[in-house]
């Protein structure tokens, strides 16, 4: 099995494309700020998939992740039908931990940076108790 | 235990008040049509509570309800901050059934009728198999 | 300009693929029934795009569509990460109308039919007054 | 007109009660983390209302607020049907600004602190250009 450093080198980041849905927009005709966490989650999901660990399988094995911290900086609005690129990677400055993972994100529309974000996830079991993150993931 | 007819007579309908949230509104500045099912569910929840059977307790007992059919007629738009009244009752014409319940709804803003709706729910167990509706409910 | 029948013949239906998002699932671990209207809207959006009329452009021209009626029949649950196909077409039996359009839908997961639906949309201007549907659309 | 300090003294915080909706819960049977921003917004809305400036009126006057930054620390999960208290107040350490307002939040279930949060809002006009916050508000 490849070690952590190799995986990070080989898969420095994951990215997904999302198209802004009509229902995601508010009366200001821009994507509501509460939708960004959903897009971040979709990017994280892809990041797990890229490591060969779809979240649906992890969940069946009793390996769950909960969001302990989320911080988003909104720079420019996203509009209906915009195609956005959401990128996620492991935070470099994140302290290594058996049960936590720090990630950073950016949301772009072409060359424009619309938002940046950071999350801390905690790996838990079905009862919500912290447990070690499977070795393949980080 | 009171029989069904008594309960219907005593509790002909349940109602809740909802205030339209900003996030529930779309770029046309009206509540998006996909929010109405959420309001109907809140009214149904109250209807169960009024019968002494909160859904959270039913769920713990393995008594779940799934929506098998939903039909909504949108008459007038609801706007941000509007206070709405959502009413639900057992459909009179609904065929009696051990596992299904037909309900009707109306959504009002004061005197104005904004929408009407109908749903059919099926009572299922944790594996999704139909089971008899507890006697207290209908 | 091609007439309506030609367009229907040439473009009998539109379809999109959606992957069930984690946030779209409820404690029963299935897609919540209020998400289906969102998927139907995404399919309608593609249907307009296939006719060369993206909704974002229609909106700028003051051509809006509101949902007047929606009916959904839920047959089998959709689960997290499922890839679904959502198809939409003009209802054959729909009465022709200058301002309304009736559509039918099906939601599939491979060979399985998960849901069917019908909607009636009304074409309105920015003040919500009914107006004629642009000839290219229906 | 009362000056800012008087208002802060008189109205140190606003609070709302929310009951966790079924649709707000995910397959882990807890409120999904993307719902918390919605609850924070409801509390901010009440904060404006408590100052005699409902957001619906501000919007009609062309006074809009956009979220520039949001940070949430999730401590304990919220569950279906839980009644939560969401409190908001002006951040003490926030640098005074003509166009920005920093706020802090806590979300409680009885004595338990479930989450804390911070936001920075920017006051903008209908074109999204920053403008001075009306004097009554901060």
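In order of appearance the chains are A, B, C and D, and numbering begins at 1 in each one.
By our rule, a residue touches a chain if its C-beta (ideal position, glycine included) is under 8 Å from a C-beta of that chain, and two chains touch if they have at least 3 such contacts.
Computed from a prediction, not measured in an experiment: that's the story for all the values here.
Taking contacts as defined above, which has more of them, A-D or A-C?
By the number of C-beta pairs in contact, the winner is A-D.
With chain centres taken as the means of their Cα atoms, state the distance from chain A to chain B in Å.
Once rounded, the distance between the two centres reads 35 Å.
Give, as an integer number of Å, the spacing between the C-alpha centres of chain D and chain A.
Using C-alpha averages as centres, the distance is 24 Å.
Between chain A and chain C, what's the gap in Å when you average each chain's C-alpha atoms?
30
So which bits of chain D are touching at least two other chains?
Correct list: 22-23, 27, 34, 38, 41, 59, 80.
Name the graph shape formed by the protein chains and their touching pairs; answer line, ring, star, complete or other.
Topology of the interface graph: complete, with all chain pairs in contact.
Help me check something: in the complex, which residues belonging to chain C touch chain D?
It comes out as residues 22-23, 25-27, 29, 32, 34, 80.
Sort out for me which residues of chain C touch chain A in the complex.
The contact residues of chain C facing chain A are 21-23, 38, 41-42, 45, 54-56, 59, 79-81.
Of all residues in chain C, which touch chain B in the complex?
So the residues of chain C touching chain B come out as 27-28, 30, 33-35, 37-38, 41, 59, 64, 66-74, 77, 128.
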